[in-house]
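Input: structures, listed below.
In the two complexes that follow, subunit A is the common piece, with subunit B as its partner first and subunit C second.
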Partner chain A sequence: MFDFLEGYDVLGAFWMTVKLTVFSAVGSLIWGTLLAAMRVSPVPLMRGFGTAYVNIVRNIPLTVIIVFSSLGLADIFGVTLGAKDDFDVLGFRLAVLSLVAYTAAFVCESIRSGINTVPLGQAEAARAIGLNFSQTLRLIVLPQAFRSVIGPLANVLIALTKNTTVAAAIGVAEAATLMKDMIENEAQTLAIGAVFALGFVILTLPTGLILGWLAKRLAVKR
Partner chain B sequence: MTNVSVAKEDVAATDELVVLKSVNKHFGALHVLQDIDLTIGRGEVVVVIGPSGSGKSTLCRTINRLETIDSGTITIDGKPLPQEGKELARLRADVGMVFQSFNLFAHKTVLENVMLGQIKVRRTDKKQAEEKARALLDRVGVGTQADKYPAQLSGGQQQRVAIARALAMGPKVMLFDEPTSALDPEMINEVLEVMQQLARDGMTMVVVTHEMGFARSAANRVVFMADGRIVEQAAPDQFFSNPRSDRAKDFLSKILHH
Partner chain C sequence: MSSVLYDTPGPRAKRRNVLLSVVFFALLLLLAWWIWQTMDDKGQLAGALWKPFVEADAWTTYLLPGLSNTLKAAALAMVIALPLGAFFGIARLSDHRWVRGPAAVVVEFFRAIPVLLLMLFANELYARYTDVTSEDRPFYAVVTGLVLYNASVLAEVVRAGILSLPRGQTEAAKAIGLRKGQTMTSILLPQAVTAMLPAIVSQLVVIVKDTALGGVMIGYGELLNSRSTLAANYANVVPSFIVVAAIYIVLNFALTTFASWLEARLRRSKRGTGAVLGADKVDDVNAAEVGGTYGTGAGGGAI
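For the complex of A and B:
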């Protein structure tokens, strides 16, 4: 019944999807947190940059960003990201870079809404014992903000997992690329679609469940 | 504090610890502080009272620059309040603050709340910080709650932890911004007792409060504010038995007779 899967490395393709997701998730969490810090910082220039970045990047389709990173960054400006002749590696790195740049805008906004849930008194108390801006943010505000936005961040992570399929546009050998190949070569289109849909659900469902459980466990009691 | 600096302060700074000179502040159109002149001596306990909206909380918050001022000067121990930045953070460490709503760090245990400033601001090593924190928690009577989170404590206990957190920095002056206003009546006394003990130990304190009993028993001086001005200041006995201004008489008649 599943003989149409023979000769195709479905697991390998999904492994690539997982790698894209994990690297992009870590990167966008870091960059998104920095952006959120900029957006609440007392320095107008940083606030301006953060606001402009988020509003520009989240309004550009991911496909445009990924295709531009390949055709623009790599082909025209010659950016190689340390992968000179290996186009598989270069494609992967460009895809991660684009996914980080794009997803970070959403991470930033989630975290910023989390910062808004932390009562002002927390930051005032932190400043009153002599903590500076960055300590107040790192030690008091962000830890509480993160705990209140684990749910929304789970949404972002699930969207990111599915967004990795856009990397197919620049030929990264992840799940959607393989699906396209298989649909071209095999007759069982519906079955192929079902297999890949199921694959993504298997990846994302636990993410949502585990993070939902974490969100409850780590909630800050007031 | 070293002996040298004590000797120097005795001579040079006389005994003025906090000095506000013609301080003005607006919230939009509201002139919330109008030409405030106030001097607080070392070891003095000053209680600020007055009707709601008279600017007493704002006054308290300007002293560690949680509120900025529009004009005038504030000096602490002879040094003017610095602008935002490292200098200001250092100064704030020397000025303890206790809030109406406690503001304990909700994601940290009671012990961590009291240790944090020592470790991150004073750069005390962990063991020493913990020792001091436990001693302070014992002193305010919540030593057994050290490993709990703030939300697991009663309001009175939380406020006493907040006092310990401020004391852990070894402040020169303590500011209390309506420390008992958010408490259930039966918890007010446990906090006031801690504050009274502090006053007896010679801590310089500025206390914004509605607790007239505390003002009577612990204050060296009562400052009465109304409509953004200091209307009257006097020793507590004199103020409560024989207020000079009509505004103070009116205020006292409303709160003392029932």
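For the complex of A and C:
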């Protein structure tokens, strides 16, 4: 019944999806946190940069960013990210770079809304005992903010998992690329669709359940 | 502007902030200089490459038809997805388990699948089992993919919209003897739709952004797709990307601004129950919230 799977590396394709997700998630968490710190910082120029970045990146389709990373950044600007000759590695790295640049804007907004949930008294108390801005942010506000944004960040992570399919636009060998290939060459359209749909349900369902449980457990009780 | 995170700067903090500004500005300048230099090296700044965009030809042949296709697909997808979403949203609130259950499964299933897979699948389905011409097929496939995904997102928006209304509304409707269907159609739904308006406009941004996927992957002639024909004609890859990105930014920024204006207006208005679903809700719902973390977060930020 499943003989149409023969000759195709479905698991390998989903492994690529997982790798794209993990690398982009780590990268966008770091870059998004930095952006959020910029957006609440005392330096007006940094605040302006953070706001401009988020508003610009959020309003461009991810597809435009990923296609540009290949046709513009790699082909014309000559950014090869240390993978000049290996086309597959280059595609992967460009996809991760684009996903990080795009997802970070959403991570930043989540964290910023988390910062807003931390009661004023916390930051005021921190200032009263003489902590400066970066100490207040690192030691008092962000740890509490992170705990309250696990839910929203889980949503961003799930959206990121689904967005890795856009990497198919520059030919990264992940799930959507393989599905396009299979669905055009094999007769079992419905079965192929079901296999790939199931793959994504398997990837996103546990993420939502585990992180949802964690969000409830770790939320600061107020 | 002052914030609770830091004191009003004194002389030392002021000096440090100025220093940080200068350093940061220098870094930004360096980046800008590198971009400018590389573009210059690769000849992307040549006036000839930018000239098409101030002439009518590039706009009337490529960009405007592309933009109109983008808007056409987005608008049609929204118009079809809205009633479908309302149907599933209301079904999820049903008193009967055998209605609630299947509706929940359908909604959660389509929210968990990337919209690209839905488009690819629809494209192949139309190719094999219908006689839609190959010119029309990408349009059908894009709209189908967008409808399936966004109907399930809007179902959650509708459900949240109805749940956001005060209980008193249902109770009052029951007290004057309305049946369940009447309560829904004449009391709850009209108020919920008003509360949902900002969320629906925000969802349009997501739809507009997703049309670009159809352009690249199944050849629908939308804005990003027409960019590549344009760039092939004038050999201006970087300028064309910048112009197209600017169009998307202006369009989506206008929609976002309109949504927040609507939200603020509804919050201010004295009529109604004051229940409003803002853009935050859309972010929450969009990311296949399988864990059921409703209301635990502080308004998420999904895609």
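Definition applied: the second predicted complex is superposed on the first by the 222 of 222 C-alpha atoms of A that agree within 3 Å, B and C clash if a C-alpha of one lies under 4 Å from a C-alpha of the other, contacts with A are read in each partner's own complex, and residues count from 1 in each chain.
As a convention for this text, a residue touches a chain if its C-beta (ideal position, glycine included) is under 8 Å from a C-beta of that chain, and two chains touch if they have at least 3 such contacts.
A quick note: this is a predicted structure, and the numbers were derived from the prediction, not measured.
**Student:** Going by the contact rule set out at the top, does A:176 touch subunit B (first), subunit C (second), both, or neither?
**Tutor:** A:176 sits against subunit C, while subunit B stays out of touch.
**Student:** Could you tell me if A:221 is touching subunit B, subunit C, both of them or neither one (first, second, both, neither)?
**Tutor:** first
**Student:** Touch check for A:19: first (subunit B), second (subunit C), both, or neither?
**Tutor:** The answer is neither, since A:19 touches no partner chain.
**Student:** Return first, second, both or neither, reflecting whether A:147 touches subunit B, subunit C, both chains, or no partner chain.
**Tutor:** So A:147 only meets subunit B here.
**Student:** Under the stated touch criterion, which partner chain does A:129 make contact with: subunit B (first), subunit C (second), both, or neither?
**Tutor:** first
**Student:** Could you tell me if A:42 is touching subunit B, subunit C, both of them or neither one (first, second, both, neither)?
**Tutor:** Both: A:42 reaches subunit B and subunit C.
**Student:** In this superposition, which partner touches a larger number of subunit A residues, subunit B or subunit C?
**Tutor:** Counted on subunit A, the partner with more touching residues turns out to be C.
**Student:** Taking the superposition on A as described, I'd like to know which of subunit B and subunit C A:162 touches: first, second, both or neither.
**Tutor:** In the superposition, A:162 touches subunit C alone.
**Student:** Of the residues on subunit A, which ones does subunit B touch that subunit C also touches?
**Tutor:** In subunit A, positions 42, 124, 127, 132 sit in both the subunit B and subunit C interfaces.
**Student:** Note which residues of subunit B are touching subunit A in the complex, please.
**Tutor:** The touching residues are 64, 66, 84-86, 89-97, 99, 101, 103-107, 116-117, 120-121, 149, 151-152, 162, 165-166, 169.
**Student:** What residues of subunit A sit close enough to touch subunit C in their complex?
**Tutor:** Per the touch definition, subunit A meets subunit C at residues 40, 42-46, 49, 55-56, 58-64, 67-68, 71-72, 75-78, 102-103, 105-110, 113-114, 116-117, 120, 123-124, 127, 132-133, 136-137, 141, 148-160, 162-163, 165-166, 168-169, 175-176, 179-180, 183-184, 189, 193, 196-197, 200-201, 204-205, 207-213, 215-216, 219.
**Student:** Note which residues of subunit A are touching subunit B in the complex, please.
**Tutor:** Residues of subunit A touching subunit B: 42, 119, 121-122, 124-132, 135, 139-140, 143-144, 147, 220-222.
**Student:** Which subunit C residues qualify as touching subunit A in the complex?
**Tutor:** For this pair, the touching residues of subunit C are 3-7, 9, 13, 17, 20-21, 24-25, 28, 35, 38-39, 42, 44, 109, 112-117, 120-121, 124-125, 128, 205, 208-213, 215-217, 224, 237-238, 241, 244-245, 248-249, 251-253, 256, 280, 283-284, 286-293, 296-303.
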